[in-house]
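Pasting the structures in now, so scroll down.
Presented sequentially are two complexes of chain A, the first with chain B as partner and the second with chain C.
And then the complex of A and B:
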């Protein structure tokens, strides 16, 4: 069998990813995570001295803390297998990427293991997050200077 | 290239140990020990991996009533970088050792080398086999174990198991190795590390075809042709290729795959099992026992291996694969 012929056979045998089902699952899992995040945010606004603008930081820390607990008990990977992007995109997914790497590399010690590998998966999120934030800010700065929008 | 063994070296015994999740395997009743701790009470997964290899070899020696001083060679491998689990196990076992890497096909390539040493008269008793430990291998090839990435339906689950066989001079009452085919490295341009079955199926096809041709045999001359870890999709692809090449559909019932059957129909394992320990565990427990019991008279075992590294696929290389085969008969 030729390569091209085999590739056709492979295409016909391999099941197509269930895009619609995956998107629906991601929508619900992501939605649930964000609803919990909203509840945490309201908790900080109502019970502590935070405003809508300042509640973000403690909310993110709390959500990452939840992700840490779930990752430690081996539950986050199950949520991830079910929810796909729904559990990867919210900040809990970022927490999971960092914490799973920390658990994994604990055996190589604190400095070379945990320290050196903590951002193995999340590093590109940090890098491209900062880079895209820079460009978005630059575009906004230009638009403000031109008088199209205001800060 | 096919090798015909004139002296017909024999499988004297098999030793298979597996991890806790492998209790769910349809083959678990044939394993010697199933351990409840996937790290074998060691500190790291890699140490657990080493301990698992040691235990499988110790069980094997105990079963056969021999000690390490009576074994001439230890041949084996695993999937961890530089094969430290097997290398370190060899340190503990203190047997003359050569580490072999054919990825998941090591279970068979090690038996071929052991049979050659036996045929040569250099070995009275050799231990050959392979192993894999899920956590140690996943971190090697993919992500941290607890990372919540979604695996596609084409993915396979690396088993935690070690399978080793004791190969010795011909004995009537034991299954013997008649012939072997050392496979070529085949690359059909597949590049998805989450779809290994598709990458490996062409290698299995080539090895099976050339073994049958050079041995002048037909599909139906075997009671069973068992591949190592193609998984459900890989097996489908192999069958597709064989049908295309003129093998009759009814003959295909003789073709099975250890990886596709390993965890039954459990969808949690996607396309089935994989890993060097998958074929080794099934070949050296279930198959040897079935041959000894007389259920099979002639079996072709084909272990497939994907010869990739995390680096090679990140650099955009396709996945070359190989398959090695041994023909085992029982009087």
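And then the complex of A and C:
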């Protein structure tokens, strides 16, 4: 069998991924997570001295904390299976990535296993976040200095 | 069984007409202030608190205008500063400030407590961390 023939056969046999269904699921799961996030944010605004501008920080940490607990109990993977990118793109995906790596490497010991692999997946998120934030801030600083935009 | 009823109630509760422009404090120029705010199309709800020669203007913008919140806030602040040059006006579009302003109105705070509360709110609104 030629290579091209094989590819044709393979394409005819593989089931078509339900793109639209997946996108819809991701949309709703992501939307529900964000609604919970909004509720947490409102909770901090109403019951604590946070404004709309400052409530973001405690909200993010609370959402990551929720995701970590759900991961620990093995519930987040079910949400992930159903929602796909909808559960990975919000900040809760970060908590899941940290804790799932920690659970996976627990057998290798606490220091080299858990400690060394805790940021195996999430490390890239932190790294690229920090680096891109640096460059965006640099570009904005240059633009402000040139007088194109204001802060 | 219960869920559709709850959803319907939640949706319908949005239909009741709420008081959208509130001015609280000693009656001075309530209607004038209200007119100034009603002029702007991007303002959805406001609560204004007047005391001494100071004024706290808490506004909520319409959903699509929230993208330009900082800009519109500044615009409104400028407008009030020009209109009332001898008053100390503080404009904020933050939900926290709006919520607290409504709470002040509801609780009918005393004058000395009011001043403390509002200076506290101003400090909160300017915090950036």
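Brief remarks follow.
Just so we're on the same page, the second predicted complex is superposed on the first by the 151 of 151 C-alpha atoms of A that agree within 3 Å, B and C clash if a C-alpha of one lies under 4 Å from a C-alpha of the other, contacts with A are read in each partner's own complex, and residues count from 1 in each chain.
Here is the rule we go by: contacts are C-beta pairs under 8 Å (C-beta built on N, C-alpha and C of every residue); 3 or more make two chains touch, one makes a residue touch a chain.
Here the structure is a predicted model, which means the values were calculated and not measured.
Overlaying the two complexes via chain A leaves chain B and chain C side by side, clear of any clash. When the two complexes are overlaid on their common chain A, residue A:50 makes contact with chain C while staying clear of chain B. In the superposed pair of complexes, A:71 makes contact with chain B only, with no contact to chain C. Number of chain A residues touched is higher for B, counting chain B against chain C. In the superposition on chain A, A:96 makes contact with chain B only, while chain C stays out of contact range. In the superposition on chain A, A:147 contacts neither chain B nor chain C. When both complexes are overlaid on chain A, the residue A:10 reaches chain B alone and has no touch with chain C.
When the two complexes are laid on top of each other via chain A, the two nearest Cα atoms from chain B and chain C are 28 angstrom apart. Residues common to the contacts of chain A with chain B and with chain C across the two structures: none. Every residue of chain C that touches chain A in the complex is listed here, in rising order: 94-97, 99, 124-125, 127-129.
The touching residues of chain A, counted against chain B in their complex, run 1, 3, 5-7, 9-10, 13-15, 17, 22, 71-72, 74, 76-81, 83-85, 87-88, 93, 96-97, 99-101, 103-105, 107, 120-121. Partner chain C is touched in their complex by these residues of chain A: 42, 45-46, 49-55, 57. By the touch criterion given at the top, residues 43-46, 139, 143-154, 188-190, 195, 198, 202, 205, 233, 236-237, 240-241, 244-245 of chain B touch chain A in their complex.
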